[in-house]
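Next up, some structures in structure tokens.
The two complexes that follow have subunit A in common; it is paired with subunit B in the first and with subunit C in the second.
The block that comes next holds the complex of A and B.
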């Protein structure tokens, strides 16, 4: 009974985090206001997109360290195309997303064709993208020069609901990807590749093509998130989020808390989104109660570490049980007892 | 058993075809790149490049990375990918050692190293004994430690001269990174460079000539084979993490001394920089391949590349692009040569 409860708690830990942290808002001041809830939802924008990309790659058994750089690229290029080249927002965003997709395709080719470990390939890509961004933006902040029209549309509060259009776009993307992963052949094949690459290959899945697709999709997704984030903020920096908590770490934490297996083959995009929501609720609650940035980092890290530690311990004891036959064990114990 | 005496030993007549170029790449590895960079540097600035002070400055610039890379090589060698908690190990040991300056100089150094070893012990236990995913766990641990360090010092930086009332102690601490050896023979070699070279020699001896190094190689090549052949895998991986933490702690103390401040952001970027150097040196993330001589070549490459680009006048931020492309290209060549030779 006790273990069963613990198991189901662990299975739905992302939801548990959201509920517990939301309940902790009782200790804060003015926490349950519509504006505050809207602000919490707004803050999930970038991290949810990064989490989707990261989760896809991790389900397929890879790591994509370049998600933060991809989002940054999307932000800088969109803003740059609009401000420097005078494009309207639509083409600028599409071009930026295409650029990030290209980077993702290069990632995928390096990993699947050249057989470079995904950790190294995306690490190198991170530096390359950083260089590209600094060269393009000359290391300075790019603003949209007072053209707030689209930003206002994105940030408009749809009054009775605590939702803004940018969050609607994010939700649509998350749900589409979740359905894609859950109910289509494409998605199930990704799970299969992550679970056992060799079996997938024997089953006739072209795993290299899938790897390239996944990384391209991850790049596009992150770039879209970065572009929306930059437009809503009306500015883009080439070193977005390097101070404080890095977006990569939040994406990683959300993916792990959402229950994605670190070795691939298990996980869900929707749970990752819920975990992002939970982390954001937590940071809002903590900043409301303590007002200190350090506590937020500590709490984020602790929750991530506890999740990783719990899974490790479970796997450790499960590994110990492999090969033990329960009836024989019980018989042996009975023999020992009768001998005494 | 009638057959066992009659079997004749058949000679293996199959020939192994090895791509000659790939053999050269695999053996000489990174030193080809080092030589190319040296030639390029000589071509760009014939008057300035091969001076003692320039080479010395290259070595000094990479000495901290090199010290860390020695330790990280053990982790990569044992197929544990990368230690992402390096930045906080560096920062934490630096901060503890600055904080302990209020008592004593010797105590501060020992305390700094002990702080680093403590983190190494946690990593070693969770990854070696419980077998957590190395990257994920060390990232999570880095996150936790960064929270603890910021919380404990309230997000502040600490300065040696305000911590200690004795000005001589602070001066002693500052002098750590500013000591030059060999003045009597007319050379000025910084202490950091000497420490790095000594650590590379010690690391090479440990990795190549001891039973620990051999056990690490078996574990890195195939963990299950290591376990089944009776190696205490948990202990070996634990020691590897302790060595890594020791190197990171020494680096952290030098860094605090060099920048005259103990701060939570001190080690930022070292995780990726060191793994770059280690991977350039021919070690692979699959583990069990490469050696310390190669890692030294990798560290030299990082330093020389920056130096050559600085001589060319490329701005700092644009250097990221060149570094990334060179890194990916060399890693691709390494991987490719290993695959052509059937080693991977």
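The block that comes next holds the complex of A and C.
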């Protein structure tokens, strides 16, 4: 009973985090207001997009460390195309997303064709993209020069719901990807590639093609998140996330807390979003109570450590069980052989 | 299990929304504000504390407590002398001018020259600062910020203001969250040091549209951001660098070669602390040549390497080095100079840390500029207090530049950070 409860708690830990942190709001001041809930949801925007990209790659057994750089690329290029080149927001966003998609394709080709480990390939891509952005923006912040029209639409509070259009867009993307992953052959194949590459190959799945597709999609998704984030705050900076809490680390933490297996084959985009929401609720609660970012970093780290620790312990005991059964199997085999 | 948790979550959100959604809150300063909406345009102000409202203008509630005797950690007056700058005429096309001409940087140096205040800015309650609650959101943790926070606390104590200080650790996303948190708390005013100059526009706009008076501090933002704040106070980085450059030129007899260690490329300090002195020297001492400028960051070893290379490359042509920072950059520079036996090279630096002051005292550095972190904070709080009191506050006020050299360095101890 105890184990079952623990298993259930672990399985739905992202939800548990949201509920527990939300309940902790009673210790804060003015926590349960519509404005605050809207602010919490707003703060998930960038991390949720990054989480989707990161989760997809991790489910397929890879690690995309370039997600934050892709989002930055989307932000800087969208703002740059709009401000420097005079494009309207639509084409500027599309071009920026295409650029990030191309970077994702290069990531995919390096990993699937050149057999470079995803950790190395995406780390390298991260630096390349940073260099490109610094050259493009000359290291300076790019603003929308007072063109707040689109930003106002994205930031508009859709009362009485605690939601804004930018969060609606994000929710649609998360739900669509979650349905794709769960209910389509494409999605199931990604799980199979991550879970057991050999079986996937035997089943005739072209894992190279899937890897390229996943990284391209991850790039596009992150760039869209970055573009929306930049438009909403009317500026983009090539070194976003270099100081403070890196968006990459938040996406990674949310992916792990959301239950995605670091070895691939298991995970859910929706759960990652719920984990992002949980982390943001926690951030607001702790900031409300303590007013110190150090406590938030500590809590983030602790929750991540507990999740990883639990996974490791579980894996250890599972392996131990397999180990215990092995001699029994061997004994049984011997018995059968002697009986013959 | 999943359904139960989801149901619980939805129930809690619904309950909280039902309890608080669309609820009107009245801030203590009397301005009637709707959550997330804009303030009442009529500018209804309280007449408590003796303030009266005549023809839309509020008159001061009374005298502020005497703040002239309050001292900062370094035994200087906590509330610094403030300067209101006159904006020179803007060149028709600054971009068309060369980088060594002051006009090229006009919009950066004189940000706010064309700011038109938003009509949504809240009006003063005119009932004095006593008992008011403010939020101060700084840019990130640093010894300078610790000194700034000390200044905030001392100044707020002087005027009887309750203050909450939040730090986003240089993260713009976290700063946005903290602004939301501050708006949600409905304080009487918010003082903000933005992480970035451009993203500050939306941040100040959001605060103003929530009906809360916003005040800018320290980081000079853009004209667009100035529109959404009651007032800005801070150091005159460009002005101080110009004065430091003139000191350097005089010491060099207006001849020789200079190299610059810059701040991080792209930031406002990068431009102010390199093009400030360069453009000033171009006018004041045109015979001084810029030999090179490098951006090795704030790593003492990297700075030392760059300065050693300069000494080798330029030899006697190199007469002075101008550093954008008086900590790590100075350590590297002085190390390289001493190792090469080139103590004849004059060193000037921006900043006001203990490292810099100790070098000035030891005679290794000729001059640094005084930039009181506590004073910077106190200037912002004084502006807020005056505004609460119904007094007119200038839209932009700079801290008067002060230079620290061997003659006066002793009077600036103990250092603030």
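Basically, the second predicted complex is superposed on the first by the 323 of 340 C-alpha atoms of A that agree within 3 Å, B and C clash if a C-alpha of one lies under 4 Å from a C-alpha of the other, contacts with A are read in each partner's own complex, and residues count from 1 in each chain.
The criterion applied here is as follows: contacts are C-beta pairs under 8 Å (C-beta built on N, C-alpha and C of every residue); 3 or more make two chains touch, one makes a residue touch a chain.
Bear in mind the structure is a predicted one, so any value in this text is a computation, not a measurement.
Visitor: In the superposed model on subunit A, is it clash or fit for subunit B and subunit C?
Guide: Once subunit A is superposed (C-alpha atoms), there is room for both subunit B and subunit C without a clash.
Visitor: Would you check which partner chain A:233 touches, where first means subunit B only, second means subunit C only, and both and neither mean what they say?
Guide: In the superposed model, A:233 contacts subunit C only, not subunit B.
Visitor: Contact-wise, after the overlay, does A:288 reach subunit B, subunit C, both or neither (first, second, both, neither)?
Guide: In the superposition, A:288 touches subunit C alone.
Visitor: Once the structures are superposed on A, label A:139 by its partner contacts, choosing first (subunit B), second (subunit C), both or neither.
Guide: After superposing on A, A:139 lies in contact with both subunit B and subunit C.
Visitor: With both complexes overlaid on chain A, does A:176 touch subunit B (first), subunit C (second), both or neither?
Guide: So A:176 meets neither subunit B nor subunit C here.
Visitor: Contact-wise, after the overlay, does A:168 reach subunit B, subunit C, both or neither (first, second, both, neither)?
Guide: So A:168 meets neither subunit B nor subunit C here.
Visitor: According to the stated criteria, A:46 is in contact with first (subunit B), second (subunit C), both, or neither; which is it?
Guide: second
Visitor: Classify the contacts of A:110 with the two partner chains as first (subunit B alone), second (subunit C alone), both, or neither.
Guide: After superposition on chain A, A:110 lies in contact with subunit B alone.
Visitor: Go through the superposed model and pick first if A:329 touches only subunit B, second if only subunit C, both, or neither.
Guide: In the superposed model, A:329 contacts neither subunit B nor subunit C.
Visitor: To be precise, I mean the smallest distance between any C-alpha of subunit B and any C-alpha of subunit C in the superposed model; what is it in Å?
Guide: Nearest C-alpha pair, subunit B versus subunit C: 5 Å apart.
Visitor: Which parts of subunit A are in contact with subunit B and also with subunit C?
Guide: Common interface on subunit A, subunit B vs subunit C: 139, 238, 292-293, 297.
Visitor: Mind pulling up the subunit C residues that touch subunit A in the complex?
Guide: Going through subunit C, the ones touching subunit A are 1-2, 5-6, 8-9, 12-13, 15-17, 19-23, 35-36, 140-141, 164-174, 176-178, 180-181, 183-186, 196-199, 201-203, 205, 222, 224, 264-266.
Visitor: Would you mind writing out the residues of subunit B in touch with subunit A in their complex?
Guide: My answer: residues 81-82, 126, 130-133, 135-137, 139-148, 150-151, 154-155, 272, 275-276, 279, 284-286, 317-325, 327-328, 331-332, 335-336, 339, 344.
Visitor: Contact residues on subunit A for subunit C in the complex?
Guide: On the subunit A side, the touching residues are 8, 11-12, 15-16, 18-19, 22-23, 29-30, 32-39, 42-43, 46, 137-143, 145-146, 148, 151, 157, 159-160, 162, 229, 232-235, 237-238, 240-241, 243-245, 247, 280, 283-284, 287-288, 291-293, 297.
Visitor: State the interface residues of subunit A toward subunit B in the complex, per the touch definition above.
Guide: 63, 110, 114-117, 119-121, 123-132, 134-135, 139, 238, 249, 252-253, 256, 262-263, 292-295, 297-302, 304-305, 308-309, 311-313, 315-316, 319
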